[in-house]
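Dropping the structures in below, format is structure tokens.
Each of the next two complexes has chain A plus one other chain: chain B in the first, chain C in the second.
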Partner chain A sequence: MDGVSFEVRGGECFGLAGESGAGKSLTLRAVIGLLPPSTSLARGTVLLRGEPYHARSRAQRMGMVFQEPKTSLNPLMRAGEMIREGLRVHGVRGAHAKRSAIALLQEVGIEDPELRLRSFPHQLSGGQRQRVAIAMALAAEPAVLLCDEPTTALDVPVQERILQLLDRLRIERGLAIVFVSHDLAVIGRIAQRIGVMYAGRILECGPATEVLARPCHPYTERLLASLPRIDAGMPARGILGEPPSPGRWPSGCRFHPRCAHAKPDCSQAPYVLMDCGPDRQSACIYWRELELTAQRECA
Partner chain B sequence: MSRFGFVGKRLLQTVPLLVVMLFVVYALVRVAPGDPAQTLLGLHATPARVAHLDKELGVDKPLLKGYLSYAWGALHGDLGNSVKAQQPVATIISNRLGVSVWLLAGAMLLSLLGAIPLALLAALRQGRSADHGIRMVSVLGLTIPTFWLGLVLVSFFALPTGLFPVSGFGQGVVGHLHSIFLPALTLAIGIAPIQIRALRLSLIGVLDSDFIATVRAMGLRERRVLMRHVLPNAVSASLTLLAAQLGVILFGEVIVENTFALPGIGQAMVQAIIQRDYPVVQGLTLAAALLVVGMNLLADVLQVALDPRVELR
Partner chain C sequence: MSAQGLQSGILGLMSREEREQPRQAGAGSLKLRTGVGIVALFALAALLAPLLSPYAPDSQDLLHTLTGPSAQHLLGTDVVGRDVLSRVIYATRTDLPVAAAAVLIPATAGSLIGLVAGYFGRLTDTALMRTADLILAFPVYVLVLALIAVIGPGVGAIILAASVVDWVIYARLVRSEVLRVKSLDYITAARASGLPHRRILFRHVLPNVIHQPVIYMMSDMVLLILALSSLSFLGIGVSSPTAEWGRMIAEAEPFLRLHPWLILPPGLAIVTVGIGFALIADALADRYRT
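Presenting the complex of A and B:
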């Protein structure tokens, strides 16, 4: 990853999109200070409400929800115990903790919360587990909720209900959400602002509707074109070639070897996000000249 | 299946195991080279005395019939009489089993007391010098022969300092603990390396899992993360290994009990073998096997208690 920078405001959802291996999840882990030990030196700052955020700081917290609901809950702990672990962080214990845990389960839409408090993760469905994981993250009263593809492992109806839940929490709690997904349709559905990542860099960012309707970077265009569509008569088009592997990035614009619009000086282009509209940036040096189209209508 | 159903099933599964075990124990005498009674009594014994002892040992009967009567007796607590000590084998076992169980528990406890913190340290410092250091020390511990280590502890530690007894089982709980400490340590050093390796591996897996990242992200103190979330998961994954190590400990006890002159079943076993006291050898083998089976059962029960998912398997 290199020069990834974004901001998310209270009550707003920032979507981070991109192919597998673009560095989306790594970005989230870096934010929360939980980079795997194999990663080399990471530098950067995270500001939470204008103050530097330290991983595991007691005053300012972030919650995290993961992709795989099977592994994101401690298999040896009941749902209630897990939620209480989060409540403990700000000193809620005893009978009060039980009431709060029930309230949290209710808030995330778990039916029969008193019974579910005593359920182990393996006794819950995927959607229920993800709800418990969200309740757990909320228990610690985070200002920011980081979601790493929280709906990818779920089937579509459940996916939609989890998205509705996140939307409600964002509005009701004024929660800031960072939502990572490879699925532009999901991102377009949940996020107000999005960033498109490729090979460890953000190539384009801006308001979701704008970016998806009028992409300012060839990569975003290709990503949109690769979405399968039911209504159109033509098949989804993939992106030619493989994404580069970390440490062997191409020079200049990292997308240029796969870019249909690439020109010779793309391989020397510096990485700068240039303003390309109100609240919008693109890293493509030719964004002005290119006539990019959104192959897909996104709400 | 309910948890109790699970335990009941495991209990039932041990029945065929016990049948085979008893047969092996009984057949031990029958397949031993030479006529047992003749070997015991010497070459100059009268045929009448040999025949009498044959009858007592049950080797005059056909194999299956002999086995059935041995098994029948064993079920009623009658394992025959010692040829040399003129004592029922069951009495010898009950006098000595306690010592061995103390030693077994002590060795397991000591090894875990060392292995858990070291494995945790190695997992948290994975790939760094602490991890490599622990690995090297583990290999050393693994390669030191038990009999040698026991002797070294006796002659270079217990004898010069006089801090620990070098024989006997002591009086009372404190006395027992005092006298089993060094032998238990000897055994623990032998088994801890495997525990460290296995625990380190499962700890690394658990530390890397999403739910640990979740609780860390929530702002839980690292100590609580480790004690409440990481360790229980890693230990429950290693329980089966710990149970499997009991057999190794029991084998080590045969050596260590002789080094430290502890009156356990290991010491009695060596004596009985030297004296060709077949009923005692049989009885002690049976007792050791039962101990291992029982402890494995205990590990299964513990696993059920620790891990709510087991009932589904």
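Presenting the complex of A and C:
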């Protein structure tokens, strides 16, 4: 992963898209300061409201919601206890903490919150667990909520309700959300701005509607074309080849070995994000020449 | 202490989730009940020894030595006329508490060390676990004998020697579990939300790994009762006239050919209590495998 840089504004949702292994989750962990020990030295700065952020600083917090509802909650703790832990960090205790926990569960749309305070994770459904996980993250009153594919393990109708919830929280609380997903449909649904990651780099970023409608990077185009469609009546087209593995990156543009538009000097292209529209950047040196479409192959 | 009470006591050590689940009927439950029942019987014998024993454990009757089972002495008398039944009962007061202490001390220390080593990793882990490897590199009994040679024989020496050696197993057991649990999302979430390490360790990590040392403690009880008896048999554990099963076997050994029944009561006591603890360990392990 290198040169990953992005900005999220208050009350905005930034979507990070890309294939598995592109470094999306790693980016989130780096942001919150909890890289797994096997990763080699990382450098970088995270600024929260203009000030450097440390994982253990008390003043400004970030919350995190994970992909797998099975492991994101401690199996031996009741929902209420877990939420109260977050509140403790914030200095809320006792009867006041109980009221706050109930209010939080209500806010994330859990029915019968007083009963659910006493539930263990195995007594909750997947969607409910994600709601509890969101309530836990909110308990510390974070300015930023990091979501690592929080809807991937859920059924589509439940997914939609969780997305609605996140949307509501973003608007009501002015929460900044970083939303990681490999699912462009989900990203397009929730994010205002998106970044497309490939092989540890952001290849393109900009307002969600524009990036998805008029991609400025061949990788984004291919990613869009590989979305399965019910209406098109033809199979989705994947991307040829395998994503490269970390440490064995191709030279130049890391996507060039798999890119349909690759030209000889792509293998020497420096990694620079170039402005390619209002509030938009692309790392493709040929973005101007390429006629990229947000591709419906049959249209 | 009733069997039910002891059972709920042991389950109290287990996770809350475990208690919430409906108790499984069938083989697992039967195993647990039998094991707890046996151990409870021995615990009861230790508590009520003065009431249960027909004679004082060390009162000699030199006119009636090596009598063999009779109405007066249900299990006969030994070489100096002491009642064998009374001695077997009183021996529970030596064997069980000593073994329990020699298990609890290293289990607690080892679990904490494993917890810290696994959670913090890096230099802490290396320092603690290489120390553990160092101890593991010695043959256990050689180390125990050497320690006893330095401190002198006795119950305290055995507990100390066992603690020095035994914590290693708990540390390795807990550490490997911590490494598994540490990578789960709820630990990352707890760290991300800024909880202090101490709280994460004791509220999130420990309750999710504690079943491992608890299961092993049960097997360890068997090993330590055997170790205590073996050392006493060799004459470097508990000394006469204190009633102790290994010591009793050692004292019966010269008469093995003429009075073989002398060796049976203490031997059977060791085997039975061992089976009791082994059954508990097995039943608890079964619960966690499913």
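Quick note on the criterion: the second predicted complex is superposed on the first by the 295 of 299 C-alpha atoms of A that agree within 3 Å, B and C clash if a C-alpha of one lies under 4 Å from a C-alpha of the other, contacts with A are read in each partner's own complex, and residues count from 1 in each chain.
In this section, contacts are C-beta pairs under 8 Å (C-beta built on N, C-alpha and C of every residue); 3 or more make two chains touch, one makes a residue touch a chain.
Note that this is a predicted model, so its numbers are computed, not measured.
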item	value
Superposition on chain A - do chain B and chain C clash or fit	clash
Partner chain in contact with A:180 - chain B first, chain C second, else both or neither	neither
Partner chain(s) touched by A:153 [first = chain B, second = chain C, both, neither]	neither
First (chain B), second (chain C), both or neither touched by A:223	neither
Superposition clash, chain B against chain C - the stretch among 43-51, 61-69, 133-141 or 169-177 that is involved	133-141
Chain C-contacting residues of chain A that also contact chain B	29, 32, 34, 36-37, 55-58, 61-64, 66-68, 71-77, 85-86, 88-89, 120, 122, 133, 136-137, 139-140, 146
Footprint of chain B on chain A - complex, ascending	29, 32, 34, 36-37, 55-58, 61-68, 71-77, 85-86, 88-89, 120, 122, 133, 136-137, 139-140, 142, 146
Chain A - residues contacting chain C, complex	29, 32, 34, 36-37, 55-58, 61-64, 66-68, 71-77, 85-86, 88-89, 120, 122, 133, 136-137, 139-140, 146
Touching residues (chain side chain B, partner chain A) in the complex	126-127, 208-211, 213-220, 222, 224, 228-229, 232-233, 236, 306-309, 312
Contact set on chain C toward chain A in their complex	15-17, 20, 121-122, 183-186, 188-195, 199, 203-204, 207-208
